[in-house]
Amino acid sequence: ETANIAVAANFTKTIEAVGKVFEKETGHHVKFSFGPTGKLYAQIRNGAPFDAFFGADERRPKKTIEDGNGVADSYFVYAQGQIVLYSAKFPVKDQPLDVLKAAEFNHLAVANPKTAPYGERAVSYLKSKGLYDGVKSKIVNGESIAHAFQYVVTRNAEIGFVAMSQVVDPQSPVYGKGQYWVVPQTDYKPINQGALITKRGKDNEAVKAFMKFIKTPKAIEIIKQFGYNVS
Amino acid sequence: MQNKPMMHGYLKLKLGEFELDSGDFSLDLDGVTVLFGRSGSGKSTLLRAMSGLDKRTQGILVVNGKIWQEGSRRMAPQARNIGFVFQDAALFPHMTVRQNLNYGMKRLPKGVAELSDAEFNEIVSRVGIADKLDRAVTYLSGGERQRVAIARALLSRPDILCMDEPLSALDWRSKSELLALIEDVVAAYKIPLLYITHSPAEVERLADRVVFMHDGKIETVETLQEALARPDSPLFAEEGVVSVLEGLSMPMEAGLHPVVMGEDRLWLSDLSELTQKAVRVRVLARDVSIALSDPKDLSIINHFKTTICELIPKGEHRTLVRLLMADGQKLFAEVTNHSAERLHLRVGKTVFALIKSVAVTE
Amino acid sequence: MQNKPMMHGYLKLKLGEFELDSGDFSLDLDGVTVLFGRSGSGKSTLLRAMSGLDKRTQGILVVNGKIWQEGSRRMAPQARNIGFVFQDAALFPHMTVRQNLNYGMKRLPKGVAELSDAEFNEIVSRVGIADKLDRAVTYLSGGERQRVAIARALLSRPDILCMDEPLSALDWRSKSELLALIEDVVAAYKIPLLYITHSPAEVERLADRVVFMHDGKIETVETLQEALARPDSPLFAEEGVVSVLEGLSMPMEAGLHPVVMGEDRLWLSDLSELTQKAVRVRVLARDVSIALSDPKDLSIINHFKTTICELIPKGEHRTLVRLLMADGQKLFAEVTNHSAERLHLRVGKTVFALIKSVAVTE
Amino acid sequence: MLEIFGTEINLGPIWLTLEVAAITTLVLLVVGTPLAWWMAQMRSSNKVFLEALVALPLVLPPTVLGFYLLIIFNPTGPVTEFLRFFGFEGQLTFSKTGLVIGSVIYSLPFAVQPLMHAFEAIPQRLLDAAATLRAGVLDRFFSVVLPLSQRGFLVAATLTFAHTVGEFGVVLMVGGNIPGETRMVSIDIFDHVESLEYDQAHILSAMMLVFALVVLMLVYGLNRRFGVKVG
Amino acid sequence: MLEIFGTEINLGPIWLTLEVAAITTLVLLVVGTPLAWWMAQMRSSNKVFLEALVALPLVLPPTVLGFYLLIIFNPTGPVTEFLRFFGFEGQLTFSKTGLVIGSVIYSLPFAVQPLMHAFEAIPQRLLDAAATLRAGVLDRFFSVVLPLSQRGFLVAATLTFAHTVGEFGVVLMVGGNIPGETRMVSIDIFDHVESLEYDQAHILSAMMLVFALVVLMLVYGLNRRFGVKVG
């Protein structure tokens, strides 16, 4: 059987890796559609043929269930994103707070706090440390965490809050270059990424199997490799 | 019982400041009808209105019993079976000459046979574009474009032909070749022709009737005879008064064509083979001289004994003399007042009319 | 020491199958030079090449000592100070008539004064568009467009005027009004004019010299006198042979203008006030009759005693008689062979030439 | 699958893109031609309104336009209901149909504006001449108007085609990014960028550029060879 | 800030959008006119290549185009270095300059194609007539070509303007979505949609549509009143 699964864009690579293993092990087939979480939400609300929905936050998957488009008890948190501060130029690994305080950079890339949980957590972290006002005028908003990362990669922003998954990936263009500092998990609310089975996928065996598979240690191992936490 | 082909109606068309307001008119639709009038008098506008090419036309137009226009409802031009040669040719720039010609031929109404290849070739070569058939039309010379437009209209076998100054950009030789062609086609296929020209020579050669236009109005519709009989006819404005005489042509003698008019014979030195028996010749009044006696040792060969029936002072020291020929036809002679006095010309006097040169019109 | 204004060169221009290849030519740049030739012979192409309007022109062109073209390098047309009246008017559709006229006036070269309002008004009203100045040009009639184009070129005060069949779409009255205007402007401002026309009447009226073209080549360049002296001149193709006589005009007597030619007097019944003392009159050979004795009771007023100096058989049963007038000028008469025999015309014989009608050319 | 410089490239999205772009161009020419002709002939003041209306799809950001299309073409919405009535089965969104509909609406101005412009430039006297040669309205249109507006059609077709190829927002929203079904190459590139597979993104982009360059040069070259100049 | 139906609307992005769209249109007309004229006059086969090149920005998805612009315009890249050489200070990305540059490149085909089309339709004989009336090349251009290609300019300007207003991908990518500086209304609407603030999205979209409709109607109305028909 085949399942169509809508996945938040930031999780693209990870879930493809998981999916490959899943397909090999179960013989089921999964097709992933990627997009911004809000867009996926709107699509499901308007009859998109998705059997499951992996969001980038908790809010929009939960809202899908509230709307009556999801299977109520299928919701779970499949991964937690980790924020890192990355720069190719500044010594963020050793003195992250000094760098932020000095604010000698032109641009600090952050995902849009309004639409991306990574951005929202990064901003609230800055605020909690009293650093926000100092860097506020330097912030450039990427529409998603991937977009914020592109700012940094292309050196348009000298420094930025990006996702752990983006710097630990051996294929990443910044892999082994520059410095990054993992923002302590304790300093921000966890970025829970929630998933659920949609009403359409209720009876889809492949989806059920996949949801089960993603909670197995094997899958969790892969997810962790890509820089996510799984609690 | 078949009615005579006719076009009658009343057409109005307001274009900016100009207003066409034809007045009631009625035209026989056979042979050639010429629209004549000064530049800007509305000839093109009237012809377009008659052809249904302007949506804003108002009025009524009935052709051969069919209603072409009633109020602002008009029959579409493509349904009228009209051939039109535009003042500026209006060739299709995306087609070769041949494709332009074929355009109308491919759209013949049912029941009308296409022209044979021989007929096609004849028209094309007489129009003088046989060697240009496969050229793009964009770079034709002014005269070449007009010739293609004429051929295109002729080949589309319309029920009525309209031509808007089709010969204006041509040298006289092309002009006279095409005039002959137009005459032949009109005669052979019996297509009535509506024709705009500024040239009185073309009018006299082609016209059966003339529509005189002035300031957007039709002033009069006259047969060519009537138009020529009036000494003040606008046709004469350029070359002066003209008489048109009718007669029967006879076989050639000593390089001259005799044309018999009652007892008189007019000798035509015209070169062309006269195919028709009944001919029409055109004599400029200023080409007619008057002698009191029949002069013998003179190179002028045409001497007619005539009676003066009217002396019309023309101003500018000229007198127009209307002469009655033996067979009753009228002939105008223009002389200076000085000569008229010297020769004591009076109404009723018998004089000899000497005609130097003569042109055949039909 | 100033040289005579001249244009000389050799122009080549290949357009598709047509090839302009002028050959060496050399023209005096004063008065009016007419390009004459059949439709498609390359008149428009040559004029465009002379004006620098076609980039593909090759050859050499030197005007008043300045090099306008050398090889494929050409001086830009806007630098040549040429006024051009195009065969199809080429008015700017986004401007009113007045704006079209102003276009050239606003771009006078330094040192050339703009025409005064009075001069502007005169030209505009003589061209006959005074009441149309504020109209959009899009809907002008064919003749109106040509008139605007003529006025536009005249008002731009060029050093050389080029006109490509500027009068073809006009009625004869507008034609003759505009011819008079063109003559006046050319004379008053001393602008040399290059002029294309198909009408021999226009040639005879305007031309100082004629460039005969055939098949893309300049056949000959002749003064009008030379062109008219040749009995086989292409100018005569339509109306037959023409003689042009020169004389001095005298004050009017009894409504007639005497023109003195040596001992002879030619009586002109021409209406117009003759401003010039030296006049040129044009006589069609077929308007000249020959009498053996001086006829008395005849309305023909012009009788000249002449000597036959040549008899030219013209074929088609016609003979062209070249007559020597008392003052040495040549006069052609055309008679039928039949008349020539009847009158026993021989070279050396003294005959009377009767001239019925006469037109003044200049 | 194709391997270029050691990088695997999935050709599916490319074919899909070309197919959708071709269909969209075709549909737009077929639909846009009469519309443009009708508008070119209009003299009333409605014309102004219509002209503005046709240009509107440009004003909304594609994702937003997509969002509204999603709402309008919702499987329980009025449009789908209406089509059901005529025996239509299936769904307008999340399918190739959806992609085409979205692209057609989004590219409408690119087709209609140049066509209208071209139609308006055709001299009335040529249409008059055709009418006197017995060509009816349709006949005139096909024999005179069409060939003389060749250049306009070319502009319309290339703008539409290229625009559909590069379209992203609308097709992402209406199509749903389902692999093998609605994943167009623009989305594919974007996915690669998101998942840090820059190599694939570069290669795909380069392929599209080269392909487009070749196609456009061919089209323009042919036009230059066989084109007509009016006026 | 404006309150409509109890929903707060931030007008800043709207003004910015109009400003950027206006500047872009202006720049494109100024840059595109000589380019289009030059191309219209060209007879060599380079023309075909240039035509295709001009159409290329259409082929890349805007976000991808934006991504490449990010790479090209990065503050240590050659373009910026080159401009620095001429005294340019500051950064091409994350600024209004960047937005305008991005929009100009992206909308280039919409300006150049209709202009070129219009220029090519101008009858040579009118240019000849102008030349014989002593108008030089530039003079001819301004006195004959420009007024006669009015319709082409109109199409070019409205397509460019509308397209820039609705532009999303490129400005999102290059701009940095900095509130008050580079947040255009298209991004604003998108953000509202993403964060499920549908009311704001609807209101903003409606405002843009109505505004665009009015502007376009005005423009087309004026053109109809003062327009010239050639041919």
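The first chain written gets the first letter, and so on, giving A, B, C, D and E; residue counts start at 1 in each chain.
Assume a residue touches a chain if its C-beta (ideal position, glycine included) is under 8 Å from a C-beta of that chain, and two chains touch if they have at least 3 such contacts.
Please read all numbers here as calculations on a predicted model, not as lab measurements.
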If a chain touches chain A and chain E alike, it appears here: D
Target chain B, source chain A, minimum contact steps: 2
Equivalent interface positions on chain D and chain E, same or different at half: same
Centroid comparison with chain B (C-alpha atoms), farthest chain: A
Taking each chain's C-alpha mean as its centre, the one farthest from chain D: C
Rounded Å distance, chain B centre to chain D centre (Cα mean): 56
Computed distance of Cα centres, chain D from chain A, in Å: 35
For chain A paired with chain C, centre-to-centre distance based on mean C-alpha positions, whole Å: 90
Whole-Å gap separating chain D and chain E, where each centre is the average of the chain's CA atoms: 20
Chain B residues counted as touching two or more neighbouring chains: 88
Of all residues in chain D, the ones touching two or more other chains: 63, 67, 123, 193, 229-231
Chain A residues counted as touching two or more neighbouring chains: 39, 42, 150
All pairs of touching chains, each written as two labels joined by a dash: A-D, A-E, B-C, B-D, C-E, D-E
Chain E contact footprint on chain D (complex, rising order): 45, 47-49, 51-53, 55-65, 67-68, 109-110, 113-114, 117-118, 120-123, 151-152, 155, 158-159, 162-163, 165-169, 186-187, 189-190, 193, 201, 205, 208-209, 212-213, 216-217, 220-221, 224, 229-231
Contact set on chain E toward chain C in their complex: 123, 125-126, 128-137, 139, 143-144, 147-148, 150, 228-230
Contact set on chain C toward chain B in their complex: 15-17, 37-40, 44, 87-88, 135, 139, 141-144, 147, 165, 168-175, 198-200, 237-238, 254-256, 267, 269, 271, 286-287, 289-293, 295, 297-301, 316-318, 333, 335-340, 343, 354, 356-357
Sites on chain A touched by chain D in the complex: 4, 6, 9-10, 12-13, 16, 31-35, 39, 42-43, 46-50, 144, 146, 149-150, 166, 169, 171-173
Chain B residues touching chain D - in the complex, by the definition given at the top: 48, 51-53, 76-78, 81-84, 86, 88, 90-94, 103-104, 107-109, 138, 152-153, 156, 158, 162
